[in-house]
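Note that the chains take the letters A, B, C, D and E in the order they are written out, and that residue 1 is the start of every chain.
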Amino acid sequence: MTVVTALIVLGVLALAFGLVLGFAAVRFRVESDPIVDQIDALLPQTQCGQCGYPGCRPYAEAIANGDEINKCPPGGQATINALADLMGVEAKPLDSAHGEEDVKKVAVIREDECIGCTKCIQACPVDAILGAAKQMHTVIAHECTGCDLCVEPCPVDCIDMVPVPVRPDNWQWDLQQIPVKNVESSH
Amino acid sequence: MSTYKELTWQGLWNNNPALVQLLGLCPLLAVTATVTNALGLGLATLLVLVGSNITVSLVREFVPKEIRIPVFVMVIATFVTVIQLLMNAYVYGLYQALGIFIPLIVTNCAIIGRAEAYASKSPWHHAAFDGLMMGLGFTLVLVLLGGIREIIGNGTLFDGANLLLGEWAAGLRIELFTVDYPLLLAILPPGAFIVMGFIIAGKNWIDQYRAARAEKPEKVVTRARVTSQ
Amino acid sequence: MTFKIAASPHTHQRRTTQQVMRWVYFALIPGVLAQTYFFGFGVYIQLALALLTAWVAEGLCMRMRGRPIGHAWQDHTAIVTAVLLAVSIPALAPWWIIVMGTAFAIVVVKHVYGGVGQNLFNPAMAGYVLLLVSFPVQMTSWPIPAELAQIQVSITDTINLIFTGFTSAGYNLEQLRMGIDGMTMATPLDSLRNDLNHQLTLTEALNKPIFGDIAGIGWAWVNLAFLAGGLVLIKQKIISWHIPGGLLVGLLVPSAIYWLFNPDQAITPMLHLLSGATMLGAFFIATDPVTAATSNKGRWVFGLLVGFIVFAIRTWGGYPDAVAFAVLLANMCVPIIDRYTQPVAYGHGGRS
Amino acid sequence: MSAATKAIEAGHIWTFPGGIHPPERKDRSNTTPIEVLPLAKQFIVPIKQHSGPVGDLLVAVGDNVKAGQPLTQVGINNALPVHVPTSGTVSAIGPGRIAHPSGLTDTVITIDADGNDEFYSFTPLADYTTLSRAELLDRIRQAGVAGLGGAGFPTAQKLALQRPLDYLIINGVECEPYISADDRLMREHAQTIIDGTEILLHIAGCEKALIAIEANKPEAIAAFEALLPNYPQLALRVVPTKYPSGGEKQLIQLLTGRQVPSRGLPIDVGLVMQNVGTAFAVAQAVLNGKPLIERVVTVTGDNIAKPGNYWVRIGTTVAELLNQCGFNPVADSKQEQRVIMGGPMMGFTLPDLDVPVVKITNCILVPSNQELAPAAEEMNCIRCGACADVCPAQLLPQQMQWLAKAKDYDGLEQQNLFDCIECGACAYVCPSEIPLVHYYRKAKAEIRNIAREKAKAEVARERFEARQERLEREKQERLERHRKAAEARKKAQAEAVAQGGDNPQDAVQAAIARAKARKAAQAAAAAKQNQEGDDE
Amino acid sequence: MILKSMQRNGLILAGFAVIATFLVVMTSLLTKSEIERQQQQELLRVLNQIIPASKHNNDLYDSCTLISHPDLGVQPRRVYRALVDGQPTAAAMEVTAPNGYSGAIHLLVAMNVDGSVAGVRTLQHQETPGLGDKIELRKNDWILSFNGQRVNGTDDTRWAVKRDDGMFDQFTGATITPRAVVQAVKRAAIVFEKEQQAWFTAPANCHAPADTINTVGEPQ
């Protein structure tokens, strides 16, 4: 008798909880911001492809599907840490096979050498190069992400990647970096 | 074959439930005052882990996502209760030694953790092996912790092993030293936390040391051309 | 000549950590002298052992961590830890007690957590608790205060007791304690609790010779000496008055209420204040800046909490004194205290 | 009238939390009148000496210019112009070191003085009330007046905000040690300052001004007390000596008990504040039409032979100034000399002496290493909380220090990092000598940088997506074109077949079939090989 | 959608619950008698340790009676009575010391009819390992120090630990555990002296007839 009672009681309890869970599963489903968008928002959007994917969004999709989070040199450790936070995994050092973290750079075209081939214009992922066939090209510096994808296609090697200049308004208070003048003591 | 190697490595070291996942710490810290107790709990956990992993893996096809947790808990609780009853009936001496720990296993998150993280996604033989290795990893840490605490706090090793392993094991007891005033802290709960902290630190230190020594694999990554479709 | 680049401000008040710490251990001197007077020369040996151990442990830790050793010795924080632990343990405790406790305090409680400023728990008190739970016998064997002792333990005997466990005549500490007048000399708090537990009334319990007019003989003076040192620290603005104030209020108010309702079975408020480690705890231990709350409001809460836990453990707990446990428990609460007592920053709706 | 307003009217002085009392050492420079120094040979005028946009150049190299002539123009972006300090020739325009903690370069205009000091023509104004508010503001802007107290915010811009105002506060507190420029200015030119204050009141459309002076400047207080009875709308407030009571937010709290909301402006609580030096410059600009080409600078410190206050033309190099005041650098060649622009609490050190004096330069401090010992090595924080006790903004400096070291920028913003006014009180009292303010500045710069990068990434993403869309569209268009062309071809063929010709399609079909057969055979062979491999 | 989800989840969960319960119940049924046999054997082993064979020739397990006494706690306690040819010789009772360091300590106290303690054993406790657990015979023979002791009324001050000026050792460092045990044994001994007449005449009512086990293992 106790056997049957136990079976009935637990069976009914389980049925009831199952019903509740089934109801809750449908009723309270939360539509969250898709994880890919959240990852994409953390990536630096340089669209440089150093991660092995054509652009930041494809890499975001790859991370959502379980790829490593340490393949983005432009984002550097800060991005890796933010991704680790988001994905609930441990932060790793940047995978050096994809490149090293570097200072921010922009592309500059040595305009007198440019032959106007438009190859760099096609290579630029963010349309930051202006110019037309047979005309001199130029980089819109504040739109350039520093991806350096335009450097290789240039047939005359007239594109340089130069570090973003430090100005008083974006200076990071590195007191050690200030060159100090030496004065010969008059005494 | 490499799956098994990977599972072994994961269970014993890389993803050790006690050292890395930090799961099941509550029974772990509570019962590791001696090696014997540690070994007992470890073996019981191992047994339940293998059983529950196999069962969860076998039923995974029929369990919808929404109710998987209650089902897993039920599977584990059934396993624990059945094992407890069987031990009580047929190996009474062992049951007496382990009695209070066995119900604790139900609440051991290492087990439900494996059910959720691995067994519910893998074929039964892999799940079984995973359970075995995770259980073994857990047991090893338990025994290590129990050993350290017993040595420091009691000056002995394998004290009371005969209760767990039978009369022959009475000879295993090693009296390392006797002091008038043992360092009680080691066998009190705070001692468990402190020793556990040092074991985890030691594991991390070994990992870092190995990582520093390991040669970086030469890997060539082809950079994607974002714009050359 | 070169031009120097430096971050502002370019001027500094110049009260260094070292100076702060020096004030703390100078302020401990009255207490140490009082302890020596009542409990004998052993106090100095404990101090010497603690300092030596702290010095060695600090040096070894810094070396292992690959940090400059000189730094750690210079900031004098290890000295304060060592002195606090040394004055907390019984004067005739065996040498390995203080050595183990100090080493634990410095190595595990301080350096494992990252060294100066990083520790969650008060190192001296964590060391004390380690010793208390592990070696309850040695840690509760306080010598009989000088005024009551019928024989004076000589310097040779003190040294022998600490280093070998036996006096030159071959008595151990237990025999010495039990044998003199056939009576166990527990600390005032211990004795009182024991008697109250055995259904004696307060008046009966206070009849024991260990109690003087206001509180325990010897102990009251030691507490007053620590109080004096503590007041100097407040005067010198080394510590703020909030934590000691909170602690004493947190101890006094509940104990007074409990005593009023329960006059026969409660420890009197005066005894609470002048027994055990109350004053040492209030002015020197709970005020350790590293492990206490930061804002003044937080310090108040922290002090009150320590005081209340001391009262609670002394009244209902398993140990006669509780300052160490109370401080450690309150240390754990510091992050949450800090969180809820964070001052309202300028421009965030606060009123001046 | 509410109780609070009554209290303000009655002259009640509130308090602010924290604060410190560092040695003042103002008597070294404030005992002698403001002196005028001989003109330098060369002047360096940075085109940006204020916060906000810079104006376009009005001069070219080789131009002869006169003192007070504008070098840049207001233009369409409402920039603040800079002016020629003395007559001479523009000898260079290009990058040069500017007066900024970074020691970085920016565009500077170099003027070789001709020694005649001829002035450009100014138009004095007899009665400023005849001009409209906009005209008055333009006059102030054209004169290049920026806040002389520190931040260099364009004065006209500050006054242009039209919101109901309760009080105008004239800040003559000058709480930072050593500096006495405002002190001397108030003693010697109280009347001009009052004139300027009246103009400011008129422009701001405000009834009443409070002039605040710190209690340690009795002579300045006396100077104002002598004049103020004639000006019922002006009231003097003496505030207790404590650093940083001259901070804008702290002074507001002292005088009115109000707090400027976080990230807000004084105008949000019905107040506007101007420095006494600014009031003086406004009077000059409006009444005399004279632009801001000189200011009072305190030159002081143990290593200065002739400490005092000087009228210094903007653009004078620090080297020139020190030369004239007698600079005795530290004797030991191994030692380093600090030359601080600003005071000991908030000033910054200069990497060399070619830096010019600019509109916001109130002090050049050249201390010996004995009077202001250089910072000792940073030690570990012991969480003593002394910093929190002195913080005038009620922040938790040590908490922010840990967060800054951990680069936890979210945590820092939660701790209200941006409410820190960088007064340096916390670092002053820190027993571990941690350069706390430096950590906050770095963190602030980094947070701003991250925000900039974030915004830039957002733009890059949009541009990338727009480009992808464009390429996709172009591809579709191309395919569509091909499809149309193929259809046209097919149609033509069909017509050709219908007309009885050979079907060229047959030959193509045969070729495709052959290729397919070859591929299938290859695939089969590969599959077989794979299977064998597996069996091994 | 909702209904379908509810139906499916409810049924599956119920199915699992029924199977799981069934398994547990079946195992329980199958092992029940064996478990009881084991427990009885264990109890007998302990009983025989403290009431030696010379003191009884009856079945100790069966001669159990349930008694209630305010000094022994709220719940009825079991008393096992030892008889030699029908004459009372000793009795063993289950006693609880409620004030151990970590909760209650369960003891078995055997008393001789002459009022002396025949033996005490710890059945179950949670005292601190290495400290309070010395009340286990396996760890320490402290528990044997009760053997042969008598209580002279409630005021017998010798029945206390040495720290409280009594005759029983406290073990190093731990006073609370031995104090609790001494107090519990003392209480039990006093109750026994008063009540033993009644107890020996009470019916054996511990085990309901249905539960009676057919085979009783030989004492070891």
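We take it that contacts are C-beta pairs under 8 Å (C-beta built on N, C-alpha and C of every residue); 3 or more make two chains touch, one makes a residue touch a chain.
Because the structure is a prediction, the values reported are computed rather than measured.
Touch-path distance (fewest steps) from subunit B to subunit E is 1.
A centroid comparison over C-alpha atoms places D as the chain most distant from subunit B.
Of all chain pairs, the one linked by the most C-beta contacts is C-D.
Rounded to whole angstrom units, the spacing between the C-alpha centres of subunit D and subunit E is 82. Centre-to-centre, using mean CA coordinates, subunit A is 39 Å away from subunit B. Measuring from the averaged C-alpha position of subunit B to that of subunit D gives a distance of 60 Å.
Distance from the subunit A centre to the subunit C centre is 54 Å, each centre being the mean of its Cα atoms.
Shared interface positions of subunit B, defined as residues touching 2 or more other chains, are 66-67, 70, 74, 181-182, 184, 188, 229. Contacts with at least two other chains are made by residues 5, 8-9, 12-13, 16-17, 20, 172-173 of subunit E. Residues of subunit D in contact with at least two other chains: 103, 329, 333, 351-353, 438, 441.
If you check the complex, the residues on subunit A that touch subunit B are 14, 17-18, 21-22, 24-25, 47-55, 58, 71, 95-98, 122-125, 147, 149. Considering their complex, residues 2-3, 6-7, 10-19, 21-23, 25-27 of subunit A touch subunit E.
Residue ranges of subunit A in contact with subunit C, taken from their complex: 175-176, 178, 180-185. Across the interface of their complex, subunit A is touched by residues 98, 100-104, 106, 329, 331, 333, 351-354, 407, 438, 441-442, 445-446, 448-450, 452-453, 456-461, 463-464, 466-468 of subunit D.
Remark: subunit A residues 40, 43-47, 55-56, 78, 125-128, 142-143, 145, 166-168, 170-173, 175, 178-181, 183, 185, 187 touch subunit D in the complex.
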